[in-house]
Amino acid sequence: MIRDERIPADELQRIDDEIRSNWSTGDAVDFEEAIDYHESLPQRKRFADVLESADKPLLQPRAGVPRLDDQIELLEYLHGEGKADLLPTTIDSYTRDNEYEKAQEGLEKARDTGEDTLNGFPAVNHGVEGCRELIDAIDAPIEVRHGTPDARLLAAITFAGGFQSFEGGPISYNIPYTKRHGLEETIEKWQFVDRLAGAYTERGVRINREPFGPLTGTLVPPSIAIAIMLVEGKLAATQGVRSITLGYGQVGNIVQDVAALNALKELGNEYLPDEVVVTTVFHEWMGGFPPDEARANGVISLGGMTASIAQPDKVITKSPQEFQGVPTKEANSAGLRTTRQVIDMAIEQQIDIDGIEEEQDLIERETRCLMDTIFEHGDGDVVQGTIQAFDSGALDVPFAPSDSAAGAVLPARDDDGRVRIFEWADLEMDDDIKEIHKARLSQRADTEGRDQSFRMVADDVDAISDGKLIGRPQGGA
Amino acid sequence: MIRDERIPADELQRIDDEIRSNWSTGDAVDFEEAIDYHESLPQRKRFADVLESADKPLLQPRAGVPRLDDQIELLEYLHGEGKADLLPTTIDSYTRDNEYEKAQEGLEKARDTGEDTLNGFPAVNHGVEGCRELIDAIDAPIEVRHGTPDARLLAAITFAGGFQSFEGGPISYNIPYTKRHGLEETIEKWQFVDRLAGAYTERGVRINREPFGPLTGTLVPPSIAIAIMLVEGKLAATQGVRSITLGYGQVGNIVQDVAALNALKELGNEYLPDEVVVTTVFHEWMGGFPPDEARANGVISLGGMTASIAQPDKVITKSPQEFQGVPTKEANSAGLRTTRQVIDMAIEQQIDIDGIEEEQDLIERETRCLMDTIFEHGDGDVVQGTIQAFDSGALDVPFAPSDSAAGAVLPARDDDGRVRIFEWADLEMDDDIKEIHKARLSQRADTEGRDQSFRMVADDVDAISDGKLIGRPQGGA
Amino acid sequence: MSQTVVLGVIGSDAHVVGITILEQAFNAAGFDVINLGVQTSQEEFAEAALEHDAAAVLVSSLYGHAEQDCQGFHETLESTGVDATTYIGGNLTVGQDDFEETRATFEELGFDRVFDSETDTEEAVAALTQDLRQRTQETERATISS
Amino acid sequence: MSQTVVLGVIGSDAHVVGITILEQAFNAAGFDVINLGVQTSQEEFAEAALEHDAAAVLVSSLYGHAEQDCQGFHETLESTGVDATTYIGGNLTVGQDDFEETRATFEELGFDRVFDSETDTEEAVAALTQDLRQRTQETERATISS
């Protein structure tokens, strides 16, 4: 039975050998040689150090194209013109599905035709050498961002290739991304990824790990997101990871977002072992964007404003072209600079908003309920607890496509635009907290003169792309 | 000696006859017939009614082109695509200088070549009939915006032409705009404009008047701006104006901007007669913009955020192309929609920031000092008081080009980014208030490790266009 | 006649929000809803429709590859023995194509109605209510006249 | 030699911020500053420079019409009997022209130095300090060698 225990050295070695044989580029991975390479990197390319020593929020976009030279050019542009502090390399969908053969075909077609036949950078196919060319070319730290349930080979190659930060986790890259991967399966695979990061860490190369906070990106109640961050942070810490960036996706209500980021930081430090350096990342709005760049800039700016108050360690920016999919590099840079301008204008201002502490207290109480039920489900083991709690529905994520989560809990905004829970299903929560949510949603129903129903949920899902925060009835209050 | 007294009916008639003979289109003005025209306008084109009955901030851009058909097309675009609630017609520079002959040449050239040879709409040359074609074509209220020291003929023609709102005033369209026009001269001329608006008002056509709040647009301390708004509001009220919109230009510190808008509303209602309906307008940042549309969108969004908290009755929007001068209609619309998105997402949120009341109290105390000195300078007469107070320097505006103001007072931001007064010169102010400013600026000097000096002023003037709120030393804190 | 509706996202698409809302809407309107979730194959649709004697099969697709995923969909239903009203909705093609073209393409494939992603759930519920009523009437007429 | 500097905005330009800051900067650097303000004519510059025996005349222009406003400026100074170092700075042309072209244009007109609107006041002060020192030295050398 899988438990929250460190993978033994021999087992690590066995799995490493096995997964490296999955694709030809796996052969080139040599741990000792990789340590040497990492040690040769200058301070300014060391992800954990740069992130942890920053005195204001660092900005990072999303970006990935199939060809190495194009990826270098893209990242140079985002660094130079967009003034990104931290850079990403977003991996293509085939690699996320471990379909390296198809990724190879796409990469070769991209090389032949010059067209982007893949929606990201196939790092496994580029191999250790290709990754290092990228690391060498770019004068800033770079993170691997993907969405891969089984990211073991990707981790082995990109770590050896010089990347020092790796997004994802067994829940956050499973529940929102795929239907049929079991949680037990993804936990086992991510234990290896974390153990590998831990092995580098023990040799002085601190690989930063970043659980994916926004989850389904759709009105996720903060406490659910935070609980999952704490679980993934604990799992990573068990495997020896010492630099962990917990994530949170903007819901659009400033008080709730600031409170959530505060709670994330607070609980992260409380629940994770002392030897872990906990940082936080704030994702600008991950839900639907307005089909209009001007309005999208408003959404992005609200994110910048929130970041200037909460001051997370990192902000993942959006672009004004979010609605239409992958942005041009110019639009990607524009999103960075709009965010930067708002943060730089607002961050030196003392902006203390009433009610943040109260909301933070509520979020922390909710998160503790969820963490308690996880520990109880697993008799103290967080791995078993997570699996069982998802199984019973005591832990759940709204709008989860995965068969591993009930996906029965439904959120809706209250009259102030804060995300509350409308349908609890089997989610574990103290009754007095449920009463608070109910009262807040009831207040909204009164304002709108309608009953609480799934229509609020539906209206809220589309509200920001329609230009509002709260999905009020048409022609209503 | 000019005083704050209502222009008698016969004098109004005499001046009206005189100024209407200044240009051929003056003949077509017929007051009684104009009243009929205004009465024929539907509710949705009545500026004062639309503005005063709104339940959230209305948005209005700036826009003016020489040809009538182009102006109609432009305003239709801003109304349709930009979703502007209120529309502007910005007047060209020749008309502002009463050079109707030159404006005529420009207009004819524009008609011949299709090029915009004037920087605005020459309403005097278009005459009553041209104005009415515009009013008839556009399905929203339209305001005349200009910058004209002697706007008497412009008012006579545009009022008769169906416009129901008129920006400007004897101080706000003098001190920031021209060098040599005396205050006595502009006050006399604006008494006519206000009296004419008052005459319409008495017949049930409430012409809205809007003193220009941003003044020099460059770090104007809120109390100075508010005092001048109160003076101009009082002068207009004396002449019979009953719908007055007091203005304020964003300084970029949210607490100070919200406090200033609150104070403006509060003091407006206190200082102006009960029969006047006082509304407020917030101008998005009027200082230098970043030479980058993405960053400019950040500046605009901060304005939208501030407006969503302070909830003024109207917001004058900026465009992302502000840096390069007159924006395209698309950019103008984009500024409107970005502002709208931010306001609509934030306005339903309860955002109570600490310190707003304290700052508002300070602004109100400062404003009362200035109003007291104005009344004292004029032995109770606000016209004489204003002239003498500017003369003595007891009332002053920073960066004023006019010979009528000392322009000796200099502002600088404090450590929180609020605009304080660094050089008082002869500005009248209680010593304890001066001490507060001094202490706040001293705190900034400490943070930056440098002395208080004009360099802070210079650095602050450029700060927002350089991407920050406060002009800190390069490489400094 | 059965008022059971089978819902799902076809192909390898993982967009779950739309069908979650649809499930709630059809539930609220009194239908029995079988929600197959995301990444549902043609066979899974057909089997579920057969098993539950579904009156309608509602296919959602938001990732732009619907045309490819739906090739042979109606043949699969038929060969499984399913005769249900079929709808499809979502972002059915990549890019900003003309929706009337898209509608024609999917009607050609056999769908009774085609919706874009801006469609309100109410509209889909109303359409299905009407279509099923009409179908019932037609069936009744057919029965009478036969 | 006099260290008086005459400052002003030429033509019908009403941009006052730049010269207000310049006035403060030159004052702080120990110069005597005569600030003529905005909308200053060529003749007003010349008369003030003559009256105060100015070592330098600093012209500011931010509305793009500087070339037109400065035609004959140096002839005006000369005919008034002014022999001063002359600088011009600001947004001198409309649009995003090449600044080196702009510089050449205004040097052609007779200005000793030409600055764009991004120039720090410190730079202008430093330049003038250096130019005046050099000029003093040249004058002294000229006196000695004559």
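In this document, chain identifiers A, B, C and D correspond to the written order of the chains, with residue numbering beginning at 1 in each.
In the analysis below, a residue touches a chain if its C-beta (ideal position, glycine included) is under 8 Å from a C-beta of that chain, and two chains touch if they have at least 3 such contacts.
Because the structure is predicted, anything quoted here is derived from the model rather than measured.
Q: Identify the chains adjacent to both subunit A and subunit C in the sense defined at the top.
A: none
Q: Measure off the straight-line distance from the CA centroid of subunit C to the CA centroid of subunit D, and report it in whole Å.
A: Averaging C-alpha atoms per chain gives centres 77 Å apart.
Q: How many Å are there between the centre of subunit A and the centre of subunit D, using C-alpha atoms for each centre?
A: Here subunit A and subunit D have centroids separated by 57 Å.
Q: Using Cα averages as centroids, what's the distance between subunit B and subunit D in whole Å?
A: 33
Q: At least two partner chains per residue is the criterion; list those residues in subunit B.
A: Residues: none.
Q: So which bits of subunit C are touching at least two other chains?
A: Expected reply: no residues.
Q: If every chain is a node and every touching pair an edge, decide which shape results: line, ring, star, complete or other.
A: line
Q: Taking the top-of-page definition of touch, could you list the pairs of chains it picks out?
A: Taking the chains two at a time, the touching pairs are A-B, A-C, B-D.
Q: Given the complex with subunit A, which residues does subunit C contribute to the contact?
A: Touching subunit A from subunit C are residues 9, 14-17, 20-21, 24-25, 28, 37-39, 121.
Q: Applying the document's contact rule, which stretches of subunit B touch subunit A when the two form their complex?
A: Contact set of subunit B toward subunit A: 252-255, 290, 292-299, 301-302, 304-305, 333-342, 344-346, 348-355, 415-417, 464, 467-470.
Q: Spell out the residues on subunit B that touch subunit D in their complex, using ranges where they run on.
A: Listed in rising order, the residues of subunit B that touch subunit D are 177-180, 216, 218, 399-401, 403, 407, 410, 453-454, 457-458, 461.
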